[in-house]
Amino acid sequence: MNGSTAFSAAPRHAASTTPVLEVEDLSVRFTRRGEAGTQAVDGVSFSVAPGETIGLVGESGCGKSVTSLAVMGLLPKRGVQVAGSVRLDGQELLGAGDRALRKLRGADMAMVFQDPLSSLNPTVTIGVQVTEVLKEHRGMSGKEATEEAADLLDRVGIPDPRRRLGEYPHQLSGGMRQRALIAMALACSPRLLIADEPTTALDVTIQAQILELLRELVQGSGTALVMITHDLGVVAGLCDRVHVMYAGRIIETADRGDLFARPRHPYTGGLLASVPRLDTTRGTPLTPIRGSARDAIPWAQGCAFAPRCDSGRDDCLTEVAGSTVPLESDGAGRELRCRHPLTVPPVAGSPTTPGADR
Amino acid sequence: MHRRPTRALAASAAALSALALAGCASSDRDESGTAAGESSASGGGGGTFVFGAAGDPTMFDPALATDGESFRVTRQIYEGLLTNAPGTADLEPALAESYDVSEDGLTYTFALREGVKFHDGTDFNAEAVCFNFDRQYNFTGLAASPAASEYWQNNFGGFASTPDVPSLYAGCEATDAATAVITLTETTSRFPAVLALPSFAIQSPAALEQYKADELGGNGDALTYSEYATAHPTGTGPFKFGSWDRGNKTVSIVKNADYWGEAAGVDEIVFRSIADGNTRRQELQAGSIDGYDLVAPADYQALEQGGFQVLPRDPFNVLYLGMNGGGIEGTSANPALQDVRVRQAIAHAIDRDTIVRSLLPEGAEAAIEFVPPAVDGWTQDVTQYAYDPERSKSLLAEAGATGTTLRFYYPTDVSRPYLPDPAAMYEVISKNLTDAGFTVEPTSLPWNPDYLDAVQAGQADVHLLGWTGDYNDAYNFIGTFFADAGGGKMKAEFGGWSAPEVFSSLAAGDSEPDVEARGPLYEAANKAIMDFLPAVPISHAPNAIVVAENVSGLVPSPLSAEDFSTVTISE
Amino acid sequence: MLRFIVRRLLQLIPILLGLSVLLFAWLRALPGGPAQAALGERATPEDIARYNETFGLDQPVLVQYGKFLGRALQLDFGTSSRTGQAVTTEFLERFPGTLELTIFAMVFAIGIGIPLGYLAARRHGSWIDSSSVIGSLLGVAIPVFFLAYLLRLLFAVQLGWLPGSGRQDVRIDATHITNFFVLDGLMTREFDAAWDAVLHLVLPGIALGTIPLAIIVRITRASVLDVVNEDYVRTANAKGLATATVRRRHIIRNALLPVSTTIGLQTGLLLSGAVLTETVFAFGGVGSALRDAIANRDYALLQGFILILAVVYVLVNLLVDISYGLLDPRVRVR
Amino acid sequence: MTAALGSTRRDKIDELAARAGQVPAGGGGVSLARSAFRRLRRDPVAIIGAVIVVAFLLVAALAPWLAPRDPLEQALLSEVRQGSIPGSREGFPLGVDQLGRDVLSRLIYGSRQSLLIGVVSTVLGAVAGMALGVLAGAFGGWVDTVVMRFVDILLSIPGLLMAISISVLLGQNQYALMIAIAVTQVPVFARLLRGSMLSQRDSDYALAAKALGVKRSRIVLGHVLPNSLSPVIVQATLSLATAIIEAAALSFLGLGDPDISRPEWGAMLSSAQAVLSFAPMLAVYPALCIIVVALGFTLLGESLREALDPKFRR
């Protein structure tokens, strides 16, 4: 958990500047012929300022990756309904033409994916895969692009970049592949970089290096970074602001420090409690969240987390409360979607039942 | 030695025909045979005539050839001393203008056509004639193997090198440039009719020697033929050899401008081998060939409606159901067949009329004996076996052979003039036999060599086979099958029946030097055969050759021995 | 790469040896043995003895096999009993035609199959997709010779658009040097002959190419469907590459890997197995020679051709492996 | 005929399928089969395939009752002329063939022979191939090497050439035909089963059984083999289609059943080529039968493959 040392870092986001990315009420619905649709993302809103790093956190299946793909315009066209608004530097992306989007992707917004091996084309050399971006967006000639590509690889910390340019993905180690992917993403100094679980597939030692690299690259360049992760350690190390998602909705938003210090949503609390910590006594068991993300109920029927929640009461259900659980302001810079938030910060090893008498 | 000048005998439909007549005798053809239109004399349009053959030729040395596709080509390149008059099986002069035969029928003196040259420019003369006969008589080694010189062995018997096998051939002498004298060791109905066979055509001695015609390679019957046979066949005919493109499956022959007779009507003939009958028909319909042989009877109508000329050949064949008389080493024939009642039951079981009506082309007739009606020696007065399944059943019951299992062999991959569709024929006869109380156990084999071999070796109880006559003499039909093949047995195909009365009547006909006197002798032989019933005759079927609308001059031959030099093509 | 090729070549040796043993045994297992197979059933015992002596069949089996192998290595497979030509000569005469036909059929199958398979995958679920799936199932289910007859009946006979048999119109006076008729026509500048030879390839080529076409459509479709869902395609899109670049460099290049294997295997099969098509179209290639050999029980030719064709097939498969190695860098290193 | 039976039969299949689905599961293999079966039932492709296959199997089984006439009876032979064949008429709904026999009855009886050739040759090929595969897969080591080399050699001869060689060797009868087709199938099954067994052999449960000291033969026969069977079943279904088509091809080459009276689609198709110009339907009917049956087996095989493949499981 290299992130623990970075807790002191001051939030870098400046509210005054116009955000690079504004997502408003984004909804994504998957429809299949003859079957009821699946609401993957449901009314998600957030924004990222230049130089800011935000985290989208949640278990797999919570909609965070779909959100990022929707932002990039990479969702398949068939069987997907996207609604809401996504603006990059004020330019509306939803409904923009494919051609326009392609101009933006890779140049103004870029993305780094989870599995570096499968995300690289196995039959094309690294060099081609890097230079093709440069040629596409920066109109470079072959020679220029090669020079620049070598430079990029060098910057992302790949030794002997010229030799690597001629190699194929399978010849590189996992960490090197991810560095190469990052080099491609950063090739045009994008305004927005989305990193979708960039370290999940990597060894722990490599993870730290990659995160460090991302931070270095983003720092100072003014690039806005959206970190998508289920790993709170990554959040702790990198993010200024954190949005926790569950079943397609944002359930809690807070600055990093606040969130770690005082999680309010029982789900957030549960996430924190299930991370092993060095500062607890040996032998204390971890406290996992009950059940799995599959147990969610539709938001229309109540709080999707209710079936797994220890704090859950009857009024978590729409039927009882008469309305769905809203996302409401929860103090300065915080938002929360919960009727029975945690009041005491949870401690790993102790049952996560504060405020709840059973 | 008395010599008896031969007279014109054409009217008798016997072996010999009007030798004194001039070459161009096609005018006396009856109308039905000349559907292809007027004689070639008016044409002369030249061009290329493409003919769809049913198979690839083997090579072009007729002395060593055995198959119809090779002969079809060599007939155009070479000529014999005699030939068949167009559209008939009758003899006519070719390279010999006339001949005399001695009283005892052993010495033939041929007066040769003069001024004829081979394609290589050398002269045709009596020495060339004798060279050719001596050549075949002196075959040794592979050339003397049964697979190579089959026609010599069938017609002349042994070779100089095989004194234990008697030979018909005694010698040939060139008394002067235009006179060749051939002597025989016995009198036979075969001679001189065999001289019209393509195997005994006269080839250029110079070319034979230059291209080492007698040097065969290979083994057994996987023979490798000489350069002469594959690339330099040289005769006197109206066409010269052009080229043989095995990959493209074509043989090309070109007009011989220096031909002694009437020049060919087209500049070139290409024989293209198309094995599949449907493909041949479709290629003709599509216009990529101008004619083809072995027309399926089922296609006659469609072709005629499409404006093509279907030229029927007069039936000169017989289809029969062979029966195995047993006694062949290494095989076991069904003993029930030894009982003549069982053989009669088979004969009565076959519905010839339906077969003739439904399986064979128009003009086919049910056979009551083994020679076609047009051949001298045919007689109504033989024992006839009408279709009568009930009679078959009672005959079988009488013989105690009800349910007898017959191993029935039939060929595949072949269409013969007498047997256009062997499988259908098998199916109908097999049903007939089953209905009459037999049990049939079928075996089908590819025609050549498997089927012929198996049948010759006596592996079948009953089998389908037939014969197309080589020349107009009854012995060529019945003698080929039923004469004493040695040791008082018939040839092996029939399992060596021992039928002395058949043998003696046949021998009497064959050795009768007087052609006129042979007819009654053959009639007696036919009666004896149909009483003994070593096989069941089924039908005589015409078959046809087809050409496009713009082709004229092709005269169909009952022997399938068409002369393509009279063919012309108009635009 | 070189080591890879050498190793694969070495692996071929036992297979080829086994093949030769099998075919050696085959001829000996024929009813009556090789002598009777060659001489026919009418052969006298003396004939057979002479034959056995000439070909050393009276010697121990191992010696016989050694001699057979020795001759085979010198490309001597005996003499065809039907044509009297050396089997090797026959093969060399016939093979160019088959090769031309195979090339045409594969060009047809690939030229239509890959675009169609790609289109079907990209329009997954559309009528193009469904009909190409159904078509490809039908293409495999139709007996080839029936299809060939239908094609010929329609296009050669009824419509008369295309020649329905043979390799070249015999009325065209073409010079043949290599026996590749198209090539010959081009070399001798007899362009009408070359064009005519091409026309003669069309119908048999289509008949022959139908099965490969069906298979290529299916494989391409499945493969493209797999590849478009691959992460690297998403990456390529995320990089904002032009659609054409994504399609060419990232989708098609990868989707064609399994297709290339199929193409190779099918080519091998066509080279060896055009028996039915060549028969229907009276096309003078290896296939019709095989059929003639079956019909005439030309055992020497059958044995030689099958052996040579199996070797060709094995070599084509080797080429496929090697080219797969060239196409897919992951295999190359292994 | 098949169309008329189709709708009722579909209900039957559904009913059967439902009943089969209720059988209590006995073990892991059964539940796998059951879940596969359940998936199959929902797959329209599988249903079409199954309906075709079952329909033809029923026709074959019930041929004597379904066929309106004796397929060998040359009923209208006397009306057949060269170049014209009587068309359909009362009692002969699809007309007669060149020998005046009822085409419909021949097609119905032909299904017996054609399916028999397909089934027998596939079963023979599968059994022989599996035996080799088990040998190689179970023993490994030099046995594996020898067996697989042999299989490689068989694979190096293209299928049709192999079938031709074997037909030529065995002479012409229907058993030779079946064996010839079977041999071409052997290498596929051998490779398939070996590959499947190798992956099963190293699977956790096999290793666990080994660790528990279960005898090798028991592991192979009791665990590995049953679990390796699903690809074999899929391949067998697909091979049936190939076998029927290949039988037709051999018939066409003159290497089919010499008893050509016995109705068989391939032989019917081959012999109808001669009359294609004026009686094309004589070729079209048997060709359609071959195509539809081959299609049925292919559809069934493909959907079986999907149903049994964990990758496709949802």
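Read from first to last, the chains carry the letters A, B, C and D; within each, the first residue is number 1.
Criterion: a residue touches a chain if its C-beta (ideal position, glycine included) is under 8 Å from a C-beta of that chain, and two chains touch if they have at least 3 such contacts.
Computed from a prediction, not measured in an experiment: that's the story for all the values here.
Undergrad: Can you list every chain that touches chain A and also touches chain C?
TA: Where chain A and chain C might share a partner, there is none at all.
Undergrad: Select, from all pairs of chains, the pair with the highest number of C-beta pairs in contact.
TA: Chains B-C share more contact pairs than any other pair.
Undergrad: Using mean Cα positions, find the chain sitting nearest the overall protein centre.
TA: Ranked by how close its C-alpha centre lies to the overall one, first comes C.
Undergrad: Determine, using the mean of C-alpha atoms as each chain's centre, which chain is farthest from chain B.
TA: A
Undergrad: With centres defined as the mean C-alpha position, give me the chain A-chain D separation in Å.
TA: A distance of 53 Å separates the two centres.
Undergrad: Could you state the distance in Å from the CA-based centre of chain C to that of chain D?
TA: Comparing mean C-alpha positions, chain D is 25 Å from chain C.
Undergrad: Can you check how far apart chain B and chain C are, centre to centre, with Cα atoms defining each centre and the answer in Å?
TA: About 40 Å separates the centre of chain B from that of chain C.
Undergrad: Nearest whole angstrom, what separates the Cα centre of chain A from the Cα centre of chain B?
TA: 93
Undergrad: Using the touch definition from the top, which residues of chain D touch two or more other chains?
TA: Answer for chain D, listing residues that touch two or more other chains: 254, 273, 276-277.
Undergrad: Hunt down the residues of chain C that sit against at least two other chains at once, touch-wise.
TA: 149, 153, 279, 291, 294-295, 297
Undergrad: Which residue numbers or ranges of chain A touch two or more of the other chains?
TA: In chain A, nothing touches at least two other chains.
Undergrad: Pairs of chains that touch, anyone?
TA: A-C, B-C, B-D, C-D
Undergrad: Which of the residues in chain B end up touching chain D in this complex?
TA: Within the complex, chain B touches chain D at residues 277-278, 281, 296-302, 354, 357-362, 412-413, 421, 423-424, 426-428, 430-431, 442-446.
Undergrad: Within the complex, which stretch of chain D touches chain B?
TA: That would be residues 72, 74, 77-84, 98-100, 172, 254, 258-261, 271, 273-278 of chain D.
Undergrad: Along chain D, where are the residues that touch chain C in the complex?
TA: So the residues of chain D in touch with chain C come to 149-150, 152-153, 156-161, 164-165, 168-169, 171, 241, 245, 248-249, 252-255, 266, 269, 273, 276-277, 280, 283, 287, 290-292, 294-295, 298-299.
Undergrad: Which of the residues in chain B come into contact with chain C in the complex?
TA: Within the complex, chain B touches chain C at residues 48, 50, 56, 58-59, 145-147, 217-225, 245-250, 252, 270, 272-276, 278-279, 282-283, 285-288, 412-413, 446-450, 453-454, 456-457.
Undergrad: For the complex, which residues does chain C have touching chain A?
TA: Counting only chain C, the residues touching chain A are 124-125, 230-232, 234-243, 245, 249-250, 253-254, 257, 327-330, 333.
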